[in-house]
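Both complexes shown next keep chain A, but they swap its partner, so chain B is in the first and chain C is in the second.
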Partner chain A sequence: MIRLQHNVVHRPRTIDDACTLLAEYGPSAQLLAGGTDIMVLLNAGLLQADVFIDLWPLDELRGIDDLPDSLRIGALTTFSQILRSPAVERFAPALAAAARTIGAAQIQNRGTIGGNIANASPAADSLPVLSCLDADIELASVRSRRRVSIHSFHTGYRKTALAADEMIVAVHLPKTRTDERIEFYKVGTRRAQAISKVVLGARMQIAGGIVEHIALAYGSVAPTVVRARAAEAILLGQYPSPELASRAVAALDRDLKPITDLRSSAAYRRRVAGNLLERFLRKALQH
Partner chain B sequence: MKRLLDVLREDCRLTGTKEGCGEGECGACSVIVDGEVVNSCLIPVCQVEGSSVTTVEGLALNDQLSPLQRAFLEYGAAQCGICTPGMLMSAHALLLRRPHPIRNQILEAIAGNLCRCTGYTKILDAIAAVSSGNINKPDQSE
Partner chain C sequence: MSSNGKNEKYVGRPVKRTEDPRLIQGLGHYVDDIRLAGELYVAFLRSPYAHARINSINTDAARNASGVVAIFTGSDIEGRVGNVPTAAALEGLKVPKYPVLALGKVFFVGQPVAAVVATSRYAARDAVDHIEVDFEPLDVVVDAEAAAQGGPVIHHDFGDNIAYVHRAGIGDVDAAFASADKIVAQKMHHQRLAPISLEPRGVLASFLPGEQQLTLWTSTQIPHLLRTQVAIMIGLPENKVRVIAPEVGGGFGSKLNVYAEEALLSFISMQLHKPVKWIETRRENMSATIHGRAQSGVAELALKNDGTILGLRYTVTADLGAYHQLLTPAIPTLTGLMLSGCYKIPAISMVCTGVFTNKMATDAYRGAGRPEATYVVERLMDIAAQELGIDPVELRRKNFPTPDEFPFATATGLFYDSGNYQAALDRALAMVDYDKLREIQKSDTAAGRLVGIGVSTYVEICALGPSAAMPAGGWESATVRIEPTGKVTVMTGASPHGQGQETSFAQITADMLGVDLNDVYVIHGDTGIVQYGIGTFGSRATAVGGTAVVYATEKLISKATKIAAHLLTTDEENVTFENGVFSGAPDDKQVTIQQVALAAHLASNLPPDTEPGLSATYFFEPKNFTFPFGAHICIVEVDRDTGDIRIKRYVAVDDCGKVINPLLVEGQVHGGIAQGLGQALFEEVVYDENGQLITGTLMDYAVPKAHQLPRYELDRTETPTDVNPLGVKGVGEAGTIGSTPAIVNAVIDALRPFGVKHIDMPLRPEKIWRVISNQ
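Then we have the complex of A and B:
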């Protein structure tokens, strides 16, 4: 039996109360959502905290609102709730696809989108989708409510723009248009329970034969999720062709900084990142 | 902050729920909380305040094994038995939500439960037998 240290657990019932607690304790408090990252660390003795603020009872943080131009997904919404949501299936199917690959049923039933974003792992599977959709993260503290673009939220390896007294309350996803092609690809060791080796969230719109809009967001190939800006620049405004696709794949050298670790080698990751882009472009052009 | 797993095993003396990895990977500690299967090694016990928790001990009714349990016996879906309580809970949660799953849905439902003995085929067959009515369905016995 593992004896976790004796600690204080606060269980606020409103966002305001949670923010007040955060302001009081600052960095010494540890927010707890579904626990699927935190409990692993606690069980392994890798995390010390005297005070926990347990968000789980905070129903205000749960749910998916179907707004005119966007979906607002509460931070405490689980991946199971996301993948069962008709609104997500209709307006952000790539997020449902990502949710389906996270862990297995036990993890999806407990793991939350807010936890995935805040945990800031380079391999977090929801992040490439949020990045290619240009999502905003809504934050709250006793001082203010603010919205930060996903592109500036992750500031470095496991670093975020969250202040010590701030929490994530929701994610705002602009609805995707029906003439856009959006895909989520994840490559891991096996289908379930696998941490990603390479992930791609990709979005493209073709108008009048040319690439009108393109967004390529990779996970697990840099310290944070990254947009492949060089590859995007090559594709934007051009008539797609196999030759153009090859140039975009080559440009990934400038965009990605894959490393060799336990899960995979840098060379493998770079090769797979290119293959996924080729696959996406081939598929997108068939439509 | 105690883990639900320890409260079940140590405080409630419900030792049917097993600990394999203690890090969410193996599913041996699977229990059902408010209808959804979860890993009890990853749940701080405060988070089940006001919830209903079902462990493998809760499947049998009046000393009668549930159809799922009988199917596991009949089909040889358990060998060493360490994964079995967790497998049963994942399968039970699936059948509550989807009484007639296709094979892929069964595979997905037990993807978070590792078994080192059976090779999974007999487990899949046992669950399929319950859903196709070759063994009585869970709701008929409950």
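Then we have the complex of A and C:
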């Protein structure tokens, strides 16, 4: 049973205050950032929390810092801010591309990168890009600040490595080199009753004719965003060729576990995942 | 334009909407923006089952919940609030009793079962969860075609699920098919759609016990018709009920209705002597506001080898839902009227079986029956062209009536007023360079690319309509008044809700009276102020309501001329009126319309036997419908790898007769194409086998987003009508009607290498990919 009246909403003014509140209330508190996921769950009667901690006034969680080796994006930075950031456009254009496809303008104005990470949806559009960029997530609590790799942050379907008293404060993106190719692909419209959606964040660097670095991260094909490690292993250190590409696509069978409740839909997603990889390799090799 | 033809300062020009400044600044007042002191809030317990018996309802815990003022169930109000009405009068129609709160049984997911009244919206919603209902699930009927054949019966008294069988059409269809060289047939499905207005429904009812007066603010397209119906339902005299449609954030037909909540909140306010408000949530909007389309049938076309059409047959099942809303059964009959499309078809027959299912009612959604007809005809034309080896454009052209054949009588019993279908099609073809496009398509196909060109030519029936053909009057009203200060007030019985008639009607009046546009104020949507009117739907507001404005203004000018002659001390026939100024021969003295207005109100110097004041009212009855038309061309490329569809170009040439404001017309076409595209590619209301609504949110029901829409290349041809003096035909639904078949035809054309004849909408990537990959 949901309850809409008499909920307590705290509005801390500093990160420290927010952490203190989190430490006090623990798992009974629900963090609220842009609210684009929380309000949906509340409306659907799927979320019960007695206490909300509204992070929206915390300006120290906002902004994009252009550091020497990385971009540090504050957790409350909205997708609108990300897709308009020259630094993101230069060093992580695929993230801007992903931000553009998230909801409509209203959602982009409210939805935050930190919220997208914390919500831990396997279909989240920003996560495959963060994964292929090997992003780090910066966490804070009254106990400490720590950084966790995006690869170990999402531990299962809608599960994360966040402790009950922890919150996300920023995401760190190592800067990519200008000769790297990074792409974001998204196929399919919303859930529209069948989850026929596939998202790929892909990154590749070729040096001396061989694949020096490769990162392939898929969304909507497993309980979490997944790296296609088997396909990456086939490509790494090799001279790209159509034959190599086919082997990499075949290896996706070991990497991806598309949801199998609607069989044809799973087959579609598996096939489209392969087609997107083929397309990425084809395009990357043309340049 | 105007009937006196003197001034065209505003009409025909792209005047910016005078409504927009307040709307885009968030200063408009929708129902929820209207706050009354002491208002209470209503939340509904709605059925979670598609079909169930209600064994008991226990409201004790909910009554004790904090903030709760009252709770009403079906049995509390039985016999005290009338049933939800239907206006459709078809022969043999079965009409189930549709109580405003469920009585004994529920028949669809979302049906109101109990209403909680509380001091806040949150308290009301929270208390709903404390109501205990013992539902006993019953057999569910979901598939309309199966339900027509037998199985569980929804409304037991009727014996079966068939609400009616409607036959339409003229001519010997069997003979036409017997003599045909070629018969093409296709089963087609028009999926259920949700109208999704930006503003959902909302009601605020306030009853004053002393005055015995009820004011009902509601998001509706038909304030006057609603007033009549609600007054009957709650037993108040009609003239003690005032319905106000404030800003209405879109309707698309879904607010052309009388809903249970409108009568129930009125009743509750009468019981509690307090204002009560309910604002629909999006989930409620998806489940308990009417749906559209939902037809499934076999369409057949009989042709000669040279492409001449001999006859058309459409055997269709309409999924009506559990109850009739206002026009539920009537919508498929509009399909029957429009099955001739743009073509000379000597014999047409439609047999439509309307079937009850355990779902929300279907009713008018943008186009309302006509998109179904156009889609069926335009798909058949493409299939026939393919099978006869004739270019789809040539096949269409061959069967068009020529401009001199209008008024054109169809085998559906209509007389198309005017048309030049060749001109619209030629213009669209020129815009895309059609012949060259087909050449490019050949080379693209040879290179393995899946490029498709889709053409659709449509005609629609608008300006609804002559009263003889309408359930509750087809006329429209207007009052034009000049105040003592010279400001002009126009009151229209049409109730625009986003179409921009505050601007376009002011353009018409300002030109006719020779006054500044900003001196004209258009009032609508308030039955306490505006004379009785019909409303805005069926692309009628300008053609019928605008015409009423014209005639009322003429009446007013006629009276003003009489007064002017008196002031100018000359005879009426010596007076001319131009640019707001009356001049009188022989000495050319002048008096302005504003001076005449003042004189009319001071009334100390009027001609003998002249009523003081300067106001005129006119009720316009159209003698026919209007029939706008056009040609849409869509070019798509299908992605082999994913089944994704990319619209490369979209060209629309629409002919809605004379244009009052080209900006408004473009806006209507843009929105219409977006919604037609939504049906073609994305949208579908889905109920599962238990009658559970699967697409209950906008995360599941895919409305197109801006980035999924193509750039529109628009043009117009202009073929006036003689049905009204403005020469306007209506454009509100054109885009929705023309676009859906153009897009589907383009996708099927792109998939020609795979031998695809037809795919049912919505054309989602996965569906396309399955066809391509033979899965």
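For this structure, a couple of remarks:
Methods note: the second predicted complex is superposed on the first by the 272 of 287 C-alpha atoms of A that agree within 3 Å, B and C clash if a C-alpha of one lies under 4 Å from a C-alpha of the other, contacts with A are read in each partner's own complex, and residues count from 1 in each chain.
Following the convention adopted for this analysis, contacts are C-beta pairs under 8 Å (C-beta built on N, C-alpha and C of every residue); 3 or more make two chains touch, one makes a residue touch a chain.
Keep in mind that what you see is a predicted model, and the values were worked out from it rather than measured.
Of the two partner chains placed by the overlay, neither chain B nor chain C lies in contact with A:131. In the superposition on chain A, A:116 makes contact with neither chain B nor chain C.
Within the superposed three-chain model, A:70 lies out of touch with both chain B and chain C [touch as defined at top].
By the touch criterion defined above, A:104 reaches both chain B and chain C. When the shared chain is aligned, chain C comes close enough to touch A:278, but chain B does not. By the touch criterion stated above, A:80 is placed in contact with chain B alone, chain C being left untouched. Of the two partner chains, chain C is the only one that A:267 touches; chain B does not reach it. After overlaying the two complexes on the shared chain, residue contacts for A:44 are found with chain B and with chain C alike.
In the superposition on chain A, the residues of chain A touched by chain B in one structure and by chain C in the other are 1-4, 40, 43-44, 104, 191-193.
Chain A makes touch with chain C in their complex at residues 1-5, 40, 43-44, 100-101, 104, 187-194, 196, 198, 264-265, 267-268, 271-272, 275-276, 278-279. Residue ranges on chain A touching chain B, taken from their complex, read 1-4, 7, 9, 11, 32, 35-36, 39-40, 42-44, 52, 54, 56-57, 80, 103-107, 109-110, 191-193. Chain B meets chain A in the complex at residues 1-3, 6, 9-10, 22-25, 27, 30, 36-39, 41-44, 46-47, 49, 90, 93, 108-109, 111-113.
Interface of chain C with chain A (complex): residues 66-67, 120-123, 125-126, 129, 281-283, 641-644, 682, 684, 686, 694-695, 697, 699-702, 705-708, 764-766, 769-770, 773, 775.
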